[in-house]
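This is the structure, below, for whatever I ask next.
Chains here go by letter, A, B, C and D, matching the order in which they are written, and residues are numbered from 1 within each.
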Amino acid sequence: MKKRGRGVASMWYGIGNTGLPNPAAAFIEVLSDTSVNLMVGCADIGQGSTTAMAQIAAEELGLDYEDIHVTSADTMVTPEGGATSASRQTLISGNATKLAARQAKGTLAEVASGFLNVPEEDLIFRNREIYSCKDNSVRMTYKELMAEMKKHGRLAVGAGAYNPKTTYLDPQTMAGIPYEVYSYATTIAEVEVDTETGEVEVLKVVSAHDVGRSINDVMVEGQIEGGVVMGEGFAVFEKVEYSNGVIKNPIFSKYLIPTAMDAPDIYSVVVECEGECGAYGAKGVGEPALIPSIPAIAAAVEDAIGVHFTSLPITPTDVLRELDKQKER
Amino acid sequence: MSDRDFTVIGQSVIRKEALSKVLGEAKFAADYKFDGMLYGGVFRSTVPHAAIKRFDASKALALPGVACVLTAKDIPGKNKTGIIIKDEPCLVDDKVRRVGDAIALVAADTPERVHEALDLMEIEYDLLEPIFTIERALEEDSPKIHGTTNIHAKKHLECGDVDAAFAKCDVIVENTYSTQMLSHMFIEPDAGVATYKDKIITVYASTQNPHYDRSDVAGVLGLPSNRVRIVQVTTGGGFGGKLDISVQCHIALLAYHIGKPVKMVRSRTESTIVSAKRHPMTMRAKTGATKDGKIQAVEVFMTGDTGAYASYGPAVITRAVVHCMGPYEVPNVRVDAVFVYTNNPMSGAMRGFGVPQAAYCHEGQMNAIAKELKMDPIELRLLNAHRIGTTIATGQVLTDSVGFKETLLAAAAKAKEVM
Amino acid sequence: MKEFSFFSPGTLDEALSLLSQHKDSVSVIAGGTDIVLELNERAHTAQAVVDISKIKDLRYVKVVDGVVRIGALSTFTDLENDPYIRDHVKSLYSACYYVGSPQIRNLGTIGGNVANASVAGDTPTALISLDATVVLRSAAGKREMKITDFYSGAGKTQLEKDELLTEIYFDAPTENMATAYTKLGKRKALVIVVIGLAVLLERDCNNICSKAQVVIGAVARYPKRLPSIEHYLVGKPITKETFEGCRDMFSQIVYDMIPTRASVGYKKESVKGVANKTFNSILKDFSLSGGEE
Amino acid sequence: MEKIRVSFNLNNEDVTIETFPNKRVVDMLREDFGCTSVKEGCGEGECGACTVIRNGEPVTSCTMLAGQVAGDRIVTLEGLSKNGELDILQKTFMEAGAVQCGFCTPGMILSAKALLMKNPHPTREEIRRALSGNLCRCTGYTKIIKAVEMAIEE
């Protein structure tokens, strides 16, 4: 018989290293043709940080995404980026990038202010133009601004570094500020359990994530979807088998990760929650994407067959064993 | 400017490197090629705990095409690596601590020759008692894997009066949760190429951690950091598994010694055996609530097996302890955690650093409480959810961007629509 | 990979003569999906490798005089796409359908699957339930044997080093027969079989089972006919109730096959579900109630 | 070891190579023809990163010896775009966000391409099955499936 069940689970996740300094930095230069070189330490391993950094720099400078070229994670070119871990790069390298852009923009604003005769604080940089917030007919193009910069012998460069506001934790009680900010998420999973073979099929997963600000919805969704499927593996398939210190299943034919046929239908919901600390309020989603899907799937299995599993993964063997115990009761 | 008035933020622009990836032009570490490039390989231990009695590479060295074989004594700098605690040798010196420990390096003209050379190396061990369980590791008379204790890290978190709070609870649930060892299984196995030119070591590597790699490579080679260049090339997934040093120090050492570019591409098996795994953890949890559904107290005792080396163990234990009561206002919390060294595969960073394990525990407990109280599990969470102004167990007051309730409501609404 | 000489004959005669020349140390590859890995991991060495995949004449499915003849080089994809196999030999169709991945199905051949005698082969289980015969050829001649006799146990076969498995044939199932194969795996694709169950049933005009061939794979070292189940079924009406009556027998049989194996607890329970699925498919084929929806 | 001579068609061009018989197709394509889009993720035909299209069908090039492709038509990702014009799947993979780390991408696109060549209007289940021999650890497959569906619509 096939039994369906639904389960909910949530999580919180502190962004950045726990109770430790973990700074990152960025260098930026706006070139005379308005193209931009951004050099940022952050390693993009497929999650899309290079793209996010370009978006942050473009927004801050009032240029287009296409204007930004990013060089990342080359220790002779880029400053310290710290690790691509702890879901920290959007928050930390993102802020560093924003600060670097802001520094370059400071010089640009000085020159634009003189040219337009508008106080610096009234200038808006947007869509490759600079104009007064009071009277948007008082404006100049970025190209004109860069020509003006050249005339004055000014260069639009910036360096930014950001270290999240944390404190060391008390060694006795762990009191302190472990993280500057937290991401939150809630996942609801629906599964079908075959009570004859013990197979668990994850049918649908809804996963809602408070990312602070979504820099790029498609990339945020991509993180969530990947996390859900990795969570499915965690909950029902994957386990390193080892004995006497030897891993018995180090290959894909023996360590089973979900295939395209196993992946559930995934509905990701991006929740934005106003915040101060991130670049434009962005927190992080890389690890949060994974976390709640695991307990949500376990809860869904419990809902289907009434067993509170306390050990992972929940394999067909475990399901049949527990159902058998139920019968005996 | 209103928040929604962004021009680039929030736009689903196409990622920068998408075109090169769909064209197949993106260069991953294994795709790099240099003139005169050699291939590197690692001779690894097949036993979990042993001193090396005899190692003989003379037959391998005699093989035509083999450029060099290096062991610990060929390391010009410090033979220690590790992200938080430098407890892992680049090449085994005192003893083997796990299956897969690197003992010797070889460079040769073809990958096939590297295999032949590795097959020709001879080793004899003096076996030591291996430790495979936390229980044995903690016994007084057990052999010590590093230093004088097998306790790798111990943490205690406490706030409020936990015992008094439990006494007032209407419902208490207790469970012991355990999670398995997991592997990242990034699709691209670890790989890199190193060159030594103009007194600069350059390492093109598949990595999540180039600046840390720089310090370990510089340390092993005894070079100032500015003579080591780490270039993170297109990296085929990491999920925490490419935070530790993989091939970087080994290829740098080979290139430094022979003055030629050296490439090393791990096989799937080698990659999986050597890279860090997710800590298997056990969490004994006690959660208490009053009948109105307010969580009053949480007590957790957790243990974790960090394997032969610390890797990211210190980060995993700390994060697991801080997060293990979940995103709920819990006024009374006591958490104790012990992570130990064993001769099992090395555990380290994997997507979530102990929080997935902790979440399995706290969410299992929340759902159990909801069941006991016959409350809707979402209602129970809403009732206890973090909000602006919440004081968490470490004493931090949350003041910025707490969107937990919104995720509960959004998930519930979406589930209603699609399930 | 160790060194070897490579041959790619275009005809069967050429291939057989190569085999007789190199029979002291030769590996035959058809799709190569198993052997190339073993060669690459140095688990397998041979001085000569003979790739028979270019022998076009060995890739066919034909039905002649009530006999289904399958060329050994037919790939799983060929069989899955063959309308006759799909419509009339459902057990073999399903066995091919669930092999590995599209890539493996495009390379792997039925002959290779049978000749490799892997514990986890899907098609041998189905072929045994069809009471298939294998045709072996060498430069010296040709011999035929029942596939059950072909397997001499524990990963071994009757195939000599100078022989090629060239054809597999079996009687075409009649209108009064239904066949089915169920694969239980640990996920939905790219998976090794945990239990494979293949069934061929024949009924008479009164819906009484007149013939039963039931084979279980991946439990013992090689697929096994289950005579006690077959005996139980013959003479009984083909109904859900009849099938339910033998579920526990399956369980006992599996237990008796592997009483000390760690997996016995799971396999003896799940086999009942596997049997259910298989028989449901049979009922459906016979258009009887209780079958799959 | 004696070299063998292998002639085949690679990305619409007839090629001939003298190579060692113990070379796998994946190594030959990468090393001798510079087709480094063909990736090796497992070496056992499981992950699909080394997928190429052979005579219209996807196959894993890590499970094949060089000599096995004699006379075949092989397409790698390098051969998919024509005169700088991207294949529709290359476009939709970018637009849908189906690319993350990119290591599985070449094999994934080729499996999808082989599917659409045979079956221009597959169902979602058919897409999932066609991609089931290509493992991806980043995306959860969702956007990859979406990219294929977008290509169908075009």
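Points worth noting:
The definition used in the following text is that a residue touches a chain if its C-beta (ideal position, glycine included) is under 8 Å from a C-beta of that chain, and two chains touch if they have at least 3 such contacts.
The model shown is predicted, which means the values in this text are computed figures rather than measured ones.
Among the remaining chains, those touching chain A and also chain D are B, C. Just count the C-beta contacts per chain pair and the biggest one is A-B. The centroid of the Cα atoms in chain A and the matching centroid in chain B are 18 Å apart.
Annotation: 48 Å between the Cα-based centres of chain A and chain C. One finds 43 Å separating the Cα centroids of chain B and chain C.
If you average the CA atoms of chain C and of chain D, the two centres end up 29 Å from each other. Among all residues of chain C, those that touch two or more other chains are 1, 188-190. Along chain D, residues 41-44, 46-47, 97, 100-102, 129, 132-138 each make contact with two or more other chains.
Looking at chain A, one finds that residues 45-46, 48, 218-219, 227, 230, 251-253, 257, 259-261 touch two or more other chains.
Interface residues of chain A facing chain B in the complex, by the touch rule stated above, are 6-14, 17-19, 41, 43-46, 48, 50-51, 54-56, 58-59, 62, 64-65, 70, 72-76, 80-86, 124, 126-127, 169, 172-178, 180-182, 184-188, 190, 204, 206-210, 212-219, 227, 230-231, 233-234, 238-240, 242-247, 250-252, 255, 257, 265, 267, 269, 271-278, 280-281, 283, 286-287, 290-292, 294-296, 298-299, 302, 308, 310-313.
Against chain D, the residues of chain A that register as touching in their complex are 45-48, 218-219, 221-222, 224-230, 251-253, 257, 259-261, 263, 266.
Considering their complex, residues 1-2, 4, 20-24, 43-46, 48, 51, 54, 57-60, 62-65, 67-68, 70-71, 111, 114, 129-130, 132-135 of chain D touch chain C.
By the touch criterion stated above, chain C contacts chain D in their complex at residues 1-6, 8, 29, 31-33, 36-37, 39-41, 49, 51, 53-54, 77, 100-104, 106-107, 188-190. Residues 194, 196-199, 237, 252-253, 256, 258-262, 315-317, 320-321, 324 of chain A are the ones that touch chain C when the two sit in their complex.
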